[in-house]
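Chain naming follows the written order as A, B and C, and within any one chain the residues start at number 1.
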Amino acid sequence: MLPELTSILYQFGTNAAFLLLSALGLIVILGMMNIINLAHGEFMMLGAYAASFVVHRGMPFPLAVIMAFFATALFGIVLERLVIRRFYGRELGALVTTWGISLILAQGALLLFGPYMPPIPIPGGAVSVGVFSFSVYWLILIGISVVLVAGLALVYRATRFGLQARATMQNPIIARSLGIRTGQIYMLTFGLGAGLAGLSGALLAPTTSIAPYMGQQFVAPAFITVVVGGGANVIAGAVGSSAFLSLIETPVSLTLGTFYGTMALLVMALMVIRVLPAGISSLGARLRPIVAR
Amino acid sequence: MMRTLRLLNGAHDLGQGRVFWSGLALLAVAFLAYPVVASSFTATNVAYYLLNIPMALGLSLLWGYGGVLSFGQVAFYGIAGYSYGIVAGNLQEFAWGTVAAAITALLAAGLSAAAFGYFVFYARVAAWIVPILTLVLALLLATFLGLTAGYQWRVGDVQLGGYNGMTGIPALQIGGVTFQDYAFFYLVVLVVAACYIALRVWVNAHRGQVLMAIREDVLRTELLGYDVRLEQLRAFVIASVLAGVSGVLYVQWGNYITPSAIGLQQAALPVIWVAVGGRDSLLAVAIATFLLNQLTYVLSSSGNQSALVIVGGLLVAVMMFAPEGIIVGVGRARWLRALKVRRWSAHPGHGE
Amino acid sequence: MASDVAKPVLCAEALSKRFGGVVASDRIDFSLRRGEMRCVIGPNGAGKSTFFGLLCGILRPDAGRVFLKGRDVTHLPAFRRVRMGLGLTFQTNRTFHALTVAENLETARRASARDAADDAHFRAAYAAFDLAGSARLLARELPHHQLQWLEICMALRRGPDVLLLDEPTAGMSPGETMFTADVLKMLSRDGLALIVVEHDVAFVRKVAETVTVLHQGAVFAEGPVEAVTQREDVRQIYLGRVREKAG
C-alpha cells in the first residue's frame, strides 16, 4: 500500500512541478505587466541551449542553470527595451508581436545551431520504494519549484523592488507620480520573467531533447496553467492551478497516456472558465474579501 | 438587389465607387484569363497562393471587425481537410460523394467551432484568453493527429496516417467535371471572389455593424439589447467555416494533408497575413494573403529555411511601426485620400 | 399590457451588494410607477452607480430582487432586460464613435428580431434635440452635448417603458442642461417612466417630483423634491458632516 501511495504522490508531484516550472516566467510577466509573452516557450529553449552550452564546456550543471537564468534575463531586458515597451496597454498587440518573436527565435536557433543541441544527462540516480523507482532529479525539481515560488513570494512581499512592482501593477500613474520609475520596474520584471523561463528551461533540459522547437511542448501546459490560475493573484493562482490541474492530469495520463492527460487539461480549462472566468485566484479573492484589499 | 449592391459598396472596407469596382472587375477577368497564358502547373501554384484567402478573410472579420483574436483558425482548416478526406475517400465511387464530403467538411468545421466557442464566449473571459485557448486547441489537434499512425486509426477505407498524414484524397467532382489543374484554378478563383463579396456585404450590413459596435464598446452594445456572446460566437463560427473552405481547397491542391498543416508555425501564418495587410480591411487582407503565400512558397520551395524568420520579422516590424497594416496604411494615406476627394467632387453622385 | 398607473413598472426589494468589505447597496427598497420621473441623488460613494448597475443587470445582487413590469428579472442578463423595455445611458458618453449618427440609431433599433414596439418617445426626443441634420456625421464629429442627446435617443430607440439615465447632463452648459431637463419632462408627461441619477441639485429641482437620497448604500430619505432637499440631515450629507449612519 505504501509504495503505491508514494508512487501516486510522486506522479502528482512531478506533474504539478512540471506545470509550475513551465508557467513560472509567464506568470510573473502576465501578473505584473499584463503582457502575455507567447515567446515564453522559446525563452525556455534559450535557457536549455545556454545550459547545454555551459555543461559541454565542462562546467557543473547547477552553475549552468544559474548562468541560463542570467543569460535569458539579459536577453529579456534587451527585448523589453527594443520591442515590448511599445506594447504596454495593448495586450492583443503584445500577444501577436511576441508570437512573431517566437517564430524568429525558434527558426533562428535552427538556422544557427542546427536541429539538435548535445543533450544533458539526468543528474542523480533513482531511489526505489517497493517495486517502484523514483528519479532523484524529479524529486529535486519538486523541491526547487517549492523554493522558487516561496522565493518569488518573498521578493514581492519583502523587498523594495517587490513593493514598487506591486504599486506599479495596481496603478502605474500614481506609482509614477510617487517617484517610482515604472519603466525600470517593467524592464526588470520582464527580465525576471524571461530569466525564470530560462531557468525552467535549463532545469527541464535533462528530461527532454534540446532542439529549436522544444518550446512548443511547454505552450499548452504553461498557458493552461495561467488561464486556470487567472490574473487576480498570480502566484497563489499558479500554485492552486498547477496543483488542481495535476490532480486531473495524473490519473488521466496514468490510465490513457500523456496526450489524453494534456487533452484533459484543455477540457478542465474550458470547464473552469465557464464557472470562474477570472480563474481560480478570483475564488480566493471572493472567499477572503477583506484580506484581499 | 439594389440594397445588396449598396451594402457591397459600403464604407467599411477600402475602395468605393465606379473606378474601384471597375479595377477589381478587371483584376477578376485577368485571373480568369490567366490559364490562357499559364501552364497547368503554374496555374495550380497561383491557385495555392489564393486558396488561403477565405481563412484570412474569416480572421479579418473576427479580429479586425469584431475585436476577437483567434490563434487557432488552422484547427478548423484541419478539421475540414481531414473530414473531407475521410468522407471523400469512403464515398468516391458515388457520383455526389465528393460534394457530400465538402459539405460534411464545412459542417464539421462549423459545428466544432460552435461547440468550442460556446465554452469560450459564453464564459465571457478576458480578451487575451481567446487566442490562448484557440492556439492550445490547434496544438492538441495537431498532436492528436500525429498519434494516429497505424492500422487501427482508420475510418472505413481511409487511414489517418499519423505524422505522414492522409494521402490520396480524391478531388472534388461535380457531374462530369473533376476539379484538377485548370478546373481547380477556376474553382479557387470563384470561391475566393464569392467569399470576398459575401463578407463585404456582411460587414456593411447590420450584423457587421453590431460586430464593430462590440469591438468599440462591449458593454454599450449589450445595453442596447444585444447578446454579445451570441454575436461573437456567430462571427467565430463564420470565420471557422471560412477556414474550413480553405482547408477543403487545400486538400484538393495536393491531395494530402498532414498534422503539420495545423501545427504551431502554420497557426501563426493567418495572423501574419491579416496583421500585415491590415486587419480591418477585407481587401487588404486578401491582397496580403496572396502576396505572402507566394513569398513563403517561393522561399521554401527553393530550399531556403529562413522563410519563417522573414515573415516573423515582418510581423514584429508591422506591429511596431504600422499597427494598422501595410496595405491599409497605404490605402488610407492622406495623399491618396486627397486625390479621391478631388475625384468625387468632380463627379458628384458616386461617393457617400 | 396593463396600463394601471399606480402599478410599479420597475421595483426593487431589499437589494444588497458588497464589494469586499464595503457595503455598496444595503437592503434598498425602491418602486417606480408608470410615467413617474424619479431622481436618485447622493454624495460621491453613496452607492448610486452600484444601484444603477443592479437595476440594469450589469451587477448581480448578493440578495434581494428586481422586478420589471411585474416580472422577476433578478437573474436575467442586462441585454434581456433591455429587450423587455429598459433603456439606459451611461455616466460617460458611450456612443460608437466610428459609426455615423444614423448607424448608431440603427444599431440601437435592431437589437432583436422583434421590432421596436412604440417609438413615439424616440420621435419626440429626436425632433426636440434636432439630430436629423447630423444623421450622416460620424458620432465622433458631434459636439459633447449632442453626443449626450444622441445617447438618450439611442436608449429610446426601441420604445422602452423605463429610461435609466446616469448623469445625463454631465459636462453640459447650464443652458443645455435646462433644455435637456425640459425634454425629459416632456417625455415624462407623455407617459415614460424615468430614473435620473444626478449630482446637480438645480437640475433635480427642475425635473423631479420625487427624489430618493442614497447614503452609504442605503435609502436615506425619499419624498417630494422640495421637502427632501430642505431637510437639514440631507444637506449635511451633501456637506459631508454626517459620517456615521444613523442607527
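Here, a contact is a pair of C-beta atoms (placed from the backbone, for glycine too) under 8 Å apart; a residue touches a chain by one contact, two chains touch by 3 or more.
The structure displayed is predicted, hence computed values, not measured ones.
K.L.:
Nearest chain to the global Cα centroid?
P.N.:
If we average C-alpha coordinates per chain, B lands closest to the whole-structure average.
K.L.:
Which chain has its C-alpha centre farthest away from the C-alpha centre of chain C?
P.N.:
A
K.L.:
Count the C-beta pairs in contact for every pair of chains, then give the pair with the highest total.
P.N.:
That would be the chain pair A-B.
K.L.:
Could you please state the distance in Å, as a whole number, between where the Cα atoms of chain B are centred and where those of chain C are centred?
P.N.:
44
K.L.:
Report the inter-centroid distance (CA atoms only) between chain A and chain B in whole Å.
P.N.:
Comparing mean C-alpha positions, chain B is 33 Å from chain A.
K.L.:
On a C-alpha centroid basis, what's the spacing between chain A and chain C, in Å?
P.N.:
47
K.L.:
What are the residues of chain A that contact at least two other chains?
P.N.:
Residues of chain A touching two or more partner chains: there are none.
K.L.:
Where in chain B do residues touch at least two different other chains?
P.N.:
Chain B, residues with two or more chain partners: not present.
K.L.:
If we count contacts the way the header does, which residues on chain B are in touch with chain A in the complex?
P.N.:
Listed in rising order, the residues of chain B that touch chain A are 69, 71, 116, 119-120, 122-129, 131-133, 135-137, 139-140, 143-144, 147, 264-265, 268, 271-272, 275, 305-306, 308-309, 311-316, 319-320, 323.
K.L.:
Which bits of chain C are touching chain B when the two form their complex?
P.N.:
So the residues of chain C touching chain B come out as 56, 58, 77-79, 82-83, 88, 90, 94-99, 103, 106-108, 110-112, 136, 154, 158.
K.L.:
Please give the residue numbers of chain B that touch chain C in the complex, ascending.
P.N.:
For chain B paired with chain C, touching residues are 206, 209-210, 212-213, 216-217, 219-228, 352.
K.L.:
Can you name the residues of chain A that touch chain B in the complex?
P.N.:
Chain A reaches chain B through residues 36, 83, 86-87, 91-93, 95-97, 99-104, 106-108, 110-111, 213, 216, 219-220, 223-224, 226-227, 231, 259, 262-263, 266, 269-271, 273-274, 277-278.
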